[in-house]
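Here the structure comes first, spelled out in structure tokens, and everything after it is commentary.
Should a chain be cited, it is by its letter among A, B, C, D, E and F, assigned in written order, with residues numbered from 1 in that chain.
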């Protein structure tokens, strides 16, 4: 339709509506019709916010917490989160039958199946919540690593309040636990939320040790099959990515294979460095300089930097 | 004022107010005074949210959509969006007279002119909405390309929910249609919103074909005069930028000239690669490796990678 | 706990609660217990939003401003901001005693001390607000530099509305003034908010001259001890960072030393370039090309670009 | 506890909590524990608001409705209301098993029962919505009666916007349909909401004919077993109540018997008049004067007024 | 439709939608279709809330007001209220052409007419705001009268915060000024809002002198043509109403004639008393006892009480 | 100013602002200027909402409460309410020094005084919260009395959800405890909120026994010095008021004296009955009929009704 063919709202809008409805019969990949709702992004974000209240008490919405009242505060949020997280997990399992986006048939949605998803949701929610005390312990090591690793940092409170790296790692660690419990979709929704807030994109399938610190962080990408040791430090723009994507005999991508590098303990990788490949191992204590591009393993204790930049200076 | 000169709130605040008001008589570039309101960022975001409800039904606020009720849902949002978008477009045309920021004179705001902007707003809003069915079709190709192109992706729903690249492309495609209709300011407000949400900055003036996929995406910049073919895939940190900015004889920048590269069909550009220049053409099926820096054309079917990184390893 | 050990909500949730409460006795770094509340992130964001209303009147929530009513609008927001900012500053000074995160003892919170923090909060808030007229003047130079420096830019309004660089610089300039007044934590909360919104991470301790322009901006990092002159232009992904972190004899990082480069007037640094080191000086009018990596000083008026990229082309 | 026995927050609050929890084991009438949620008052109010949008289109949240777009608007609200009302009705049927307030046992809440309530909820919601066209017709007679009956009324729009009587009658007519469908609790929640907004308390069990008008309305009470004809007009403070409450042999109130009066067509009852008793019939065209107190039937066409008030005048 | 005829949501909801849309072609009195929006109830309530902030500064949303900052606070609210009130008044004048509820024809809504309503809206809004200083003065007499007249009252602050009578009178006085300026509909919307909040129903057409006090207030009705002097005190349930409604030769109600009583200075009327009739005058200093019913004038300085209640005591 | 004198917004609004500010120097009774904020009505309402969650768990915002999690829920709300209520009580004591509305002088607001009010606020808040378990017990008797006393009532849940009488009594009992603790202003704010929601106006100073039931309730007024026994039942419009207001020798009202009636156990008072006077006692088991007006004591076990209404019937 060009401007000339536009008549008026009363005539055109019903035509456009009709045309859009018609497209809903055809474009199954970009719609989700039917009675089984998808997980809700807003609910997932609310759950993350509530988990932050528990993990970092006193840094969020509620003041005046102390050892006398904190059990009520934590117990109440835990209980509430159990309810909401159970529902979202049940939805994610239900959705995972429908990768194609086609509406579920009436039979699939019958009560016995819904009841089964509900049970799964509750079981996994409870299993996840039981990991929270251990999560707090490892996150404290991350806070410590940030304070110890940045000379501009003045206090632990500054780390918790102001370091996007900590936010991304916290959400990653939450999402990773759900990933280990086999929960579909929700771990990715969580890390994508972290990505939106921080510019740091950590796949929930990655494995990351304690005392992990990402400074500044914008543009960091950590792939699904990365393995990262303890006391590792990354700067902004670091990519831990895949070198190539093998396809099977039918030309389809092979999913699930290790495609991303291994980073051993005490490695530092400076800004905008790129490390690629599932076979690539960065050995203990290695230092990878800023903007370096690496597709092969680096021996422990070595330092890799740009020697003499190939520059034209006028 | 140093700390010593501070007396108290009662004395100082009126002075500061006075000084700020005075600065409003002088600093025309950073204020918009007068009776013609600017487009509202909040309204623009609401319009984008509503368009997502129509384009990806079932993925947003509303559950339980099916072929029996979806026409009401779509029809109602379309109608509402027509009203709000008309108003915003009218404001953007009105604003475009005032690039200098100076308040419009009383005469300029008289009824006949306002009436004319109103008519233009309605006409362009309707023309834009009529493009939505075609937009859904091309966006489905983008969803398909993401699923086909990322081995970590498990379902189409994951693409719609969790891929910032799709969000950025969706908003770009919306903004591009408004750009083609000559609407000022609003297309840029939209893509800047996408930039804020995703770290991906696509100028609404760029031209992009179907099956476009951006993975991770943080730091991607696609300039105003880029031309991108079909089945192109970009990774995080890719810049498709300008090499230099020609100025005219008065030293002013020449605006509107092609300054950004052309990317042909089936090209892949890996993370943090930089392609610059309006004459630069990346030929069909070419692969541009990670962190590569290119200012000249690349032949079709070629692969460009860093040969041996110039590294110092200790 | 594995799935087998999960019994049911009624039994497990109290155990988890107990375990989390217990961890609160141990993990002091990641909690803030006690009666002295931390600064509130939501309040800080509200204050920034209100300051934008004053600095760029007419671009925010309020329409129909003109020279006749603007003094009421500005005066009212100033007065309100004085109240809220005073409280937040007082909290930040109180918090700065507690870098370890341990709850403050009863004695520390007694009235005389609180009264003193309150007085400090009011004094600094007033001193900060008195800088606003000067801030508007320098920010207008930044708006001018953006319009003059980007051929895709159509109007000053587009700069104020759509340029994340301007948002980041505005918040930096606000935060820098508070930093100069010795206010703890809040300047970093502010610039981290800007970082979240724009992907641009400017430390509030940096020193930056007038007519500063950052285009696109995602991934820009400007370190704490940078010094930047006038008419400097940066593109996305530019890092102005530290080369190494000296430690003292005990192995602790030395905090406060100049670690980041100096950028003189009229320098342009293109996308993804990296400039490192406290001794590094980029001289007047120098141009640093895209993706260049620099750890040594560059003479005035020189241009540094990648000569011939070391590429393998198949 | 008197003021002397108060020690401090840390010691007393846990005691109070304990004492309140203990009381929850005892006071079953004033709590609703267990996994079957009660209907939500906020949801019920949202449903009423949405029904007002359908019944009086253009008077509520949405402007710019016309015959071309109204079907989308109505269809979308209907569909949404079906979903939310079904859930609330299912909850109300579930609750009605638990008049005592005791928590439902696990067995009662099993899936088959929940599924049955869900089916009932959907069936009754649909049956209710099918009454809406007829409801609109009778409500238009009420609007007409208000305009015709009040010399201070200037337009039909004033009736819809400003007459609390119309609001109360609209909600009564909605609630009455649900009452006829056997829905528990929700009809009373609805009329109580009307009572709160208007001071007019109409029991959903009452039967009321067309062209019903209540002016001012504060304090009007219309009992459960009232029968009211057409073209009846009431003023503020009118009570149509019970004269006495018969009890059965065990001293329990007899519930369900006709206890409230019958008002025939074209009757007018002025302010603060009281009409009591299930046998009392006010005949056609009768006029009952202000403040009159009646416990016996009044013949058709008669006028009942205070003859000579029994006053002492000094 | 009975329960038996209900099939399922997919079949029935479109039928119901169709039936409702059809009813919109017929029932003109209870809908407002077309492009000229009605005044918005939410906007009117916002305006009233803002006027309370100005009239009773310090009692509302804003703390810390003092003589140094209050001019900014008041000036800013005044300016904002001018804008919003102008729009609402323009809408009310536009609506007043459409008492029948029929959609306005396209021609009626053309720009010149809209422009004229806009001008009227601005003119009346300004005229109204200029009455605010005088309104504050008379409202202070009402606050004084409440404090002086209720032995349970402890402070003026209690009057402003807790006396629904003052809220009703404040809104009445605002609405009365708009009524005097000929503004349609909005004055009634305002007093109906007061009625909803307080149970006190004062028609904006009534005339009321200074030092007016209503205690408790629920059920008070003051008719359109009442005239009330100074220092009058009313209790809950008092009706100042009409005795009969004269009709013209065609049977239509005569609108506008004086139908409600005159209450002279220093009269007290106790709870639930009823005074009816346009000829009825309650003379100066008269006291009307509780529950008394009066349809004739009462001489100055007299007391009217129930002599001996006609009671049956068993 | 008449319409003729209106010039334009730019000229008139500053004049009006000036005039309003000037009136703030004069009209002290209707403003609260200065740095000591008044109690916040919104906070008080939030506190009441939270107390309802504790008193009637499961009927409010939170579902899925059971004996396993309710201690966290209650403990957390108690703790939060302690904080907010302490602040409000402190403000109310501070305000009570300023009955005249004049701004407090700087000296009065100094830290030692504020600290003292803070201490009082915390002490009274704690004392109040310790009454909650007893409040729940007596409120259960009120729920029981409503169910037992209304043949239209179907369940205890209906009482808690739908009986405005219960809402008014609950808030009265909360406010009465604060009144007994000497807290100024807040008890009246609370009962006035109940009045607004229900039309029932109970002064917090009244004394009321267990098993109290008010049906319908609109227009009920219970004065400050009423004494009401157990198992008393009131209907809508009942006034328990004062007969006259004695003044002292200076003509000032005598405050605090018993002015309102005493109602003994098991009394029923029907709709719109009026009982006046501090000496008036309604004896045990008495029944007061509808619309009766009483100023003298009634013997136990007697029934008072209108014998033969003095009516004119045509």
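We take it that a residue touches a chain if its C-beta (ideal position, glycine included) is under 8 Å from a C-beta of that chain, and two chains touch if they have at least 3 such contacts.
Given the structure is predicted, the values throughout are model-derived calculations rather than measurements.
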Listed chain pair B-C, C-F or D-F that repeats interface B-E [over half of contact pairs the same by residue number]: C-F
Chain pair, B-D or A-B, that carries the greater number of C-beta contacts: A-B
Centre distance in Å when subunit A and subunit E are each reduced to the mean of their C-alpha atoms: 56
For subunit A paired with subunit D, centre-to-centre distance based on mean C-alpha positions, whole Å: 49
Rounded Å distance, subunit C centre to subunit E centre (Cα mean): 52
Touching two or more other chains - residues of subunit A: 9, 13-14, 17, 63-64, 66, 69, 71-72, 74-75, 78-79, 199, 218-219, 237, 272, 291, 306, 309-310
Subunit C to subunit A touching residues, read off their complex: 1-3, 6, 8-9, 12-25, 27, 29-35, 37-38, 41, 95-96, 98-101, 103, 184-185, 188-189, 192, 195-196, 199, 201, 203, 205, 218-219, 221, 223-224, 237, 239, 241-242, 245, 253-257, 259, 272, 274, 276, 289, 291-294, 298, 302-310
Footprint of subunit A on subunit B - complex, ascending: 54-59, 63-67, 70-71, 74-75, 78-79, 82, 122-123, 126-127, 129-133, 136-137, 139-140, 143-144, 147-152, 154-158, 160-164, 181, 197-199, 216, 218-219, 235-237, 271-272, 290-291, 306, 309-314
Of all residues in subunit A, those that touch subunit F in their complex: 62-64, 69, 71-76, 78-80, 83
For the subunit C and subunit F complex, residues of the former touching the latter: 9-10, 13-14, 17, 66, 68-69, 72, 111-112, 114-115
